[in-house]
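Presented sequentially are two complexes of chain A, the first with chain B as partner and the second with chain C.
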Partner chain A sequence: MTAVDFLAFTRGPLFDVALIIFIAGLAIRFVEILVLGRRRDFSEPRRGGFGSGLRTMFSRTLPETGTMKRAPTTVVAGWVFHIGFLVTLLLFVPHIEMFQAVLGFGWPGLPTPIIDFAGILAMVAMVVVLINRLRNPVMRFLSGFGDYLPWLLTFLPLITGWLVFHRLLLPYPAMLGLHILSVELLMILFPFTKLMHTFTAFLARYYTGAAFGRKGVQS
Partner chain B sequence: MQIDETTPNAARSAASGDDRTLGALLAARGVSRRAFLKYSSYLASLLALPASMAPAMAASLAKAQRQSVIWLSFQECTGCTESLTRSLSPTLDDLIFDFISLDYHHTLQAASGHAAEEARMQAMEAHKGKYIVAVDGSVPVKDGGIYSTIAGMSNLDILEETTKDAFAVVAIGSCAAFGGLPLADPNPTGAVPVTELVTDKPVINIPGCPPIPEAMAAVLAHVLTFGILPELDSLGRPKSFYGESVHDRCYRRPFYDRGEFAESFDDEGAKKGWCLYKLGCKGPATSNACATVKWNGGTSFPIEAGHPCLGCSEPGFWDMGGFYRALSVPTGDVARIAAVAAGAGVVAGAAAGALHRATKSAARGKHHTVTVEELEEK
Partner chain C sequence: MSANVERAVNAFKEQIDASTAAFFSSCVHCGLCAEACLFYLETGDPKYTPIHKLEPLRRVWWSSYTLFGRLASLIGLAPKVTDDLLKDWKELVYDSCSMCGRCSMVCPVGNDITGMIRKEREGMIAAGHAPDGLKGASSRAIKIGSPMGVTLKAVKAQIGHLEADTGMTIPVNVEGAEYLVLMSSMEIMNYPEYLEAIARIFEAAGASWTIASDAFEATNSGIQIGASDIARELVMRIVAAAERLKVKTVISPECGHAYTALRWEGPNLIGRPFPFKARHILEVLDEFRADGRLQTEGFEEDRLTFHDPCQIVRRGGVIDEPRRLIDMVAKDFVEMDDNGRYNWCCGAGGGVSAIEEAHDLKLTAFLKKKKQLDAVKPEKLMTACANCRIQLEEGMEETGMDIPVIGLTETLAEHLKTPETAKG
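Up next, the complex of A and B:
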């Protein structure tokens, strides 16, 4: 298989397969959670849960002062990573072209030097959180395969993408093929790993917020 | 590499019937020394050689004798020959035809039929081990290679016979270098590139549909001057021409970096000359010198004319998922696939959720509260 065949395969049939698993997997897991629902709460609500639920989806995204004091590295590097990653993923024009093909609509992108910088920030932050995890005995004890795999699945698209952009290491078609392959791996395993938190985190926050709201407690 | 008068030169000794040196030949044709030196420095610059090497190159070329070239045309469209012979600066690029003795070439030779084949055999005999075989077109190998024959011989047999005693083989154009159009899906004739068949001789690939004429001229000049092949990349292409991507040298690159793209062929962006990535430009994946050497005597190149790069000098460019599809866009019908997958996922998720609910309520239904008395009985 030549580099070009490989690229054609990753852009073609393999992407289709990855897309099916990714989308169907996301839908299955999400709908399953929703259908399962929560136990009926018979108590009389003090306040409506809906508004509180929505608010909590955002408020719990912001770092809490206590956590910031206890684990500043996790908070700062975590934020830097998430922003860098999302900027690279969502605001790089070639990526937007891909989203447009799948979703039917696109949005404006950012100049490439900014994307380049965001990608580097994301990778540095990922290395920092990994070292932090390995150096902290408690975190290391709590971490297993299920934590390291998502790290790798996220890091590979970043590093290969950066190498494609700068035309390093391998000829462009081969490197682009590898980049797409790494994204497909991420897509295929996404619904079945902790990466699912991208979506379920907000659902969980909503549930918590809504329950607290009913009880009239601040969340 | 040091070049002096004693530079061993395999190609130089490849004397053709006319044993005058190139210098003598050019002088007889009225080409001034100055014009020749200018041409040499032009070639040297194309080959990314230091300017100081141009006089040495000129001296070396002047002393060389004409290089015998046998040109084989297989499954091709003659576009490569057209590209070479119609270059707009005849005083410069046509000079290459003075450097070589084109002993066999379907389109350009006067002889035809058996006389033509006779010329090929004669050249092979006279310059054994020294002649260069240029090939344009791919070679069909399916069904014993019957899909393209010349004088009753399959391309496969002619290639084998002709390259056996060659000094080197130059695959000109994407068909010869990578299979090109004949090899494109579904490849009905079982076309293969030259490198797949010639494994015991050095093969230089000069891909492009067609290749830049200067690349061909400069590579031949390199062989004539130094007697060795130029430095090649992993795909057998001379690095001096194929070392950089079209994208990296494209004058529209600042627009790409700023995020300014033409969205269609006639929108404001297109009129302002913005980047053609979204219109399918393959410049980022294409290694060629179009953006620097340009075409038609340095006039322009496709992107300058407002059309995205097709990536014609890369392997398999016909099957890259469409000329007008951006490189980052998947080639399948992804919007439909995503919609169907989402629909199926929702249904499956609802079913799984309902099943869990049923299990849960069944378990709750079976549950009965144990009283203290019951416990005490046991």
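Up next, the complex of A and C:
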């Protein structure tokens, strides 16, 4: 198989397979969660839970001040990574073209030097995140394969993408093929790893925000 | 699987719902919940990380309710819940968690870790792995009517003293009274000031109230140990008395978990809404204040701070009421650094105070509060929970601090304008 064949394969059939597994996996995970249902709450609410739930979906993005003071590395590196990653993923013009092909609609992107910078930021933050995970006693204690695998799955598309962008290491078609392959790996394993938090965190935040909100506590 | 473990697993399954599944699915092991937990912060031991306390529950969720987990357990690869695991987790689930709810406020993915620990306790007790202190308290609550073994006789004796001392009549079993007043064992045994304060404030407010001879106890060991059946029976006693006496509002006393038990868990335990209102005493006093029925005179001159009882404030939503009431009687009120919904627990909630083995740990956990107090240097420490109060007093004694701890309700009563002066 030539590099061009490899690229065609990752762009074509393999991408379709990855996409199907990704979507089916997401559906399975969400159904798994939602079918469990929740019991009706008979206690008299102090205020409606719905609005508080929605609020918490967003408000938890910002840390409580004490947490920021006690664990600045975790908070800041986490933040920088998420922003850098999302900017690279969602605002890079070739990515938007890919989304357009799959979703049928697109959006404006950012100039490439900004994307380049965002990608580097994300990678640097990820290295900090990893070192932090290995050094912080609590994180090291909690972490296992299920935590390191998602790290790798996320880091590979970033580094390969950056190499493609700068035409480094391998010829363009081969490197791009590898980049797409790493993304496909991410998509396939996404629903079955902690990467799921990307979506379920909003559900979790909603549940907690609503439960606290009924009691009149902003969370 | 031993019968014990099977009971635990079934209880876990009974408890796991969509929110539990969303929470476990979302945890990224960032460790930030540890930074919110006084048991971790004061010991520095990572095993006290809140989410780690949930490992048994997590295993059941993963192996029973996820595709990969189910496949893994089919081929025997899923980590199992064993009797040894549950035994090992007893300390984590009970001794080192006061159910304070602080971890649930900071988890970036929004996990209500505290709520899950409450659920996990159902399985722990189902397998018999609950601390003896809590088991004893629960059985005394069921058999005698109070976790501390306080009998109706003791309550009557207290009422007798009170009536003799003050000349007031304490209403018992009065049908049609507006309010049913509950007490905690601690108040009956250690802080009789509470009942006197209620009698005086309610008389001044012109509110009709009563105590029920068959439901004077507000505390609920059932929710602390995590046994819904016990919790239900204890709540049902209150509901039955309230319905029999046709009261409009049942008042939970200056106790944290009693409020959670009655106000938020109660209707769900009995499976229907209450036909009466369940309120914390501070909420009722704040209503009196707003209606002009609670009037005070004079101020506490000392520098005074307020310790928020977790179950009343963060897990209960009674946040502004105590502050409005304190303003009525305090000139020099200072807030501690983290207060209100971000307060730090006293270290002995959630049943911890009843666990003998947790004695040293709860005093270590108190050091968090000590640091807060050292920072504001109050001359008096006010709170609104008898359980917090005992822990604060014990913690301060152990660490050589000397700040008197006072209850909010009784302080209001001390400054009460008598009906005569109020009219005039």
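In this text, the second predicted complex is superposed on the first by the 216 of 219 C-alpha atoms of A that agree within 3 Å, B and C clash if a C-alpha of one lies under 4 Å from a C-alpha of the other, contacts with A are read in each partner's own complex, and residues count from 1 in each chain.
Quick note on the criterion: a residue touches a chain if its C-beta (ideal position, glycine included) is under 8 Å from a C-beta of that chain, and two chains touch if they have at least 3 such contacts.
Everything quoted here is computed from the prediction, not taken from an experiment.
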item: Chain B versus chain C as contact partner of A:Ala204, first or second or both or neither; value: second
item: Partner chain in contact with A:Leu36 - chain B first, chain C second, else both or neither; value: both
item: Touching partner for A:Thr67 - first (chain B), second (chain C), both, neither; value: second
item: Which superposed partner A:Pro108 touches (first chain B, second chain C, both, neither); value: first
item: Which of chain B and chain C A:Pro173 touches, first, second, both or neither; value: first
item: First (chain B), second (chain C), both or neither touched by A:Ile28; value: both
item: First, second, both or neither for A:Lys194, with chain B first and chain C second; value: second
item: Touching partner for A:Met98 - first (chain B), second (chain C), both, neither; value: first
item: Footprint overlap on chain A, comparing chain B with chain C; value: 28-29, 32-37
item: List of chain B residues in touch with chain A within their complex; value: 234-235, 245, 248, 256-259, 261, 277-278, 284-285, 287, 314-316, 319-321, 326-332, 334-335, 337-338, 340-342, 344-346, 348-350, 352-354, 356-357, 360
item: Touching residues on chain C, where the partner in the complex is chain A; value: 16-23, 25-32, 34-36, 40-41, 44, 46-47, 49, 51-52, 65-68, 104-112, 115, 263-268, 271-274, 277-278, 313-319, 338, 341-342
item: Residue ranges of chain A touching chain C (in the complex, touch as defined); value: 28-29, 32-39, 41-44, 46, 56-57, 60-61, 63-64, 66-67, 70-71, 74-75, 78, 133, 136-143, 147, 192, 194, 196-197, 200-209, 211-212, 215-219
item: Residues of chain A that touch chain B when the two form their complex; value: 2-5, 7-8, 11-13, 15-16, 19-20, 22-37, 93-95, 97-98, 100-104, 108-113, 167, 171-173, 176
